[in-house]
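Structures given as structure tokens follow.
You will see two complexes here that share chain A, one where it goes with chain B and one where it goes with chain C.
Here is the complex of A and B:
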């Protein structure tokens, strides 16, 4: 006969939407707990608060307050995200300095100036774009 | 808030229950003679029928532990806070099963179910106080397990 694995049996879990799990939390009761369980069969008025809490803890692991409590995990997650974003920035800087070669000569200031003048002469995007921002009478950029 | 339309005769217990909130208005549904509503099918259960059905469920004298668990877990799955009379029946079922822990758990679940509506739970406890005193059930607050 195959051995019954524990994971195939009903399990205990604390869930808001299922307040009464299939099994008790504590599987094997100590003698004190067993006698407390016997006392539970009588009037509950006779039970002290400590005994009631003990009975609760036999059946359940976490109370609703405990299971609903949030954690500070989000701080670790956010910190980790920001850290790795910073690390990526560091990698980019390193690459720029050590890996990439010179940028094309067409980005030099002189070239850009002559290129821009040519674009203005051609009236590039005169309605709403590039040339529309240039004042052709005063020969300066519009304010 | 009651969203079921006017019903004619009492309908057999159906799965389309209408929300029944405690602490809010327990409205009585006006019984109009003709029901012309666009339901998916059949008549919709009224709040009173829903409550009565569940009270009867928990009032079964020889209810067993599985039925109690199944009933409670199902009830908590609905989009409503159970009426005190349903909870009263459930707590008495716990008493018959000699299960104090489940009784306290039920109270916790009701408070959790009310969510942001903080006035519901005190109302429920107030309504249940005679039963709690009679059976000797302490509230989670009295036992201190409502705090972390």
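Here is the complex of A and C:
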């Protein structure tokens, strides 16, 4: 007969969306806990507050308040994200210096100047865009 | 009980959440749409209307022709 692995049996879990797990938290009760469980079979009024809390802790690991509590983990996550973004900046700098070749000749100042003049001649975006910012009478950019 | 806690909310949680988020969603959607309309769409429509009020297409064509951007209408040679 194959050995029953523990992970194949019902397990305990603290989850907000499913409040009652399949099994009790404490699997093997000590003699005190067993006697407490026997006392639980009687009238609950006889139980003291500490005993009620003890019974709760036998059945559950964390209370809802404990399991829903936030942590400061987001600070580490945000810090890590920003750090590696900064590191990427260095990578890009290295690439520009050591890896990439020349940029195309169409980015030279002279070319851009002649290109812009041709765009103005063609009246590119005359309403709200490029050519609308040029004063055709004074032949200069509008202030 | 040493200090009895208040009875927690047992019902109506989805309804409460839905009411809040529905109002918020509609307000935000309508608000953003209105803002865009009055900050972007209306000024743009006005800009186009203004532009075409004073637009003389023949004059613009001659100016563009002299600048040399057309292939079939070369500048009036000097």
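Note that in this section the second predicted complex is superposed on the first by the 106 of 143 C-alpha atoms of A that agree within 3 Å, B and C clash if a C-alpha of one lies under 4 Å from a C-alpha of the other, contacts with A are read in each partner's own complex, and residues count from 1 in each chain.
Convention: contacts are C-beta pairs under 8 Å (C-beta built on N, C-alpha and C of every residue); 3 or more make two chains touch, one makes a residue touch a chain.
It should be emphasised that the depicted structure is a prediction, and the values quoted were computed from it without experimental measurement.
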Greater chain A contact set [chain C / chain B]: B
Touching partner for A:123 - first (chain B), second (chain C), both, neither: second
Which of chain B and chain C A:49 touches, first, second, both or neither: both
First (chain B), second (chain C), both or neither touched by A:16: first
Contact residues of chain A, present in both the chain B and the chain C interface: 49
Chain A - residues contacting chain B, complex: 16-22, 40-41, 43-47, 49, 52-53, 55-56, 58-60, 63-66, 68-69
In the complex with chain A, residue positions of chain C that touch it: 1-2, 44, 47-48, 51, 60, 63-64, 67-69
Residue numbers on chain B that touch chain A, as the complex places them: 68-69, 72-73, 76-77, 95, 98-102, 104-106, 108-109, 111-112, 135-138, 140, 142-148
Sites on chain A touched by chain C in the complex: 49, 118, 121-123, 126-128, 132, 136
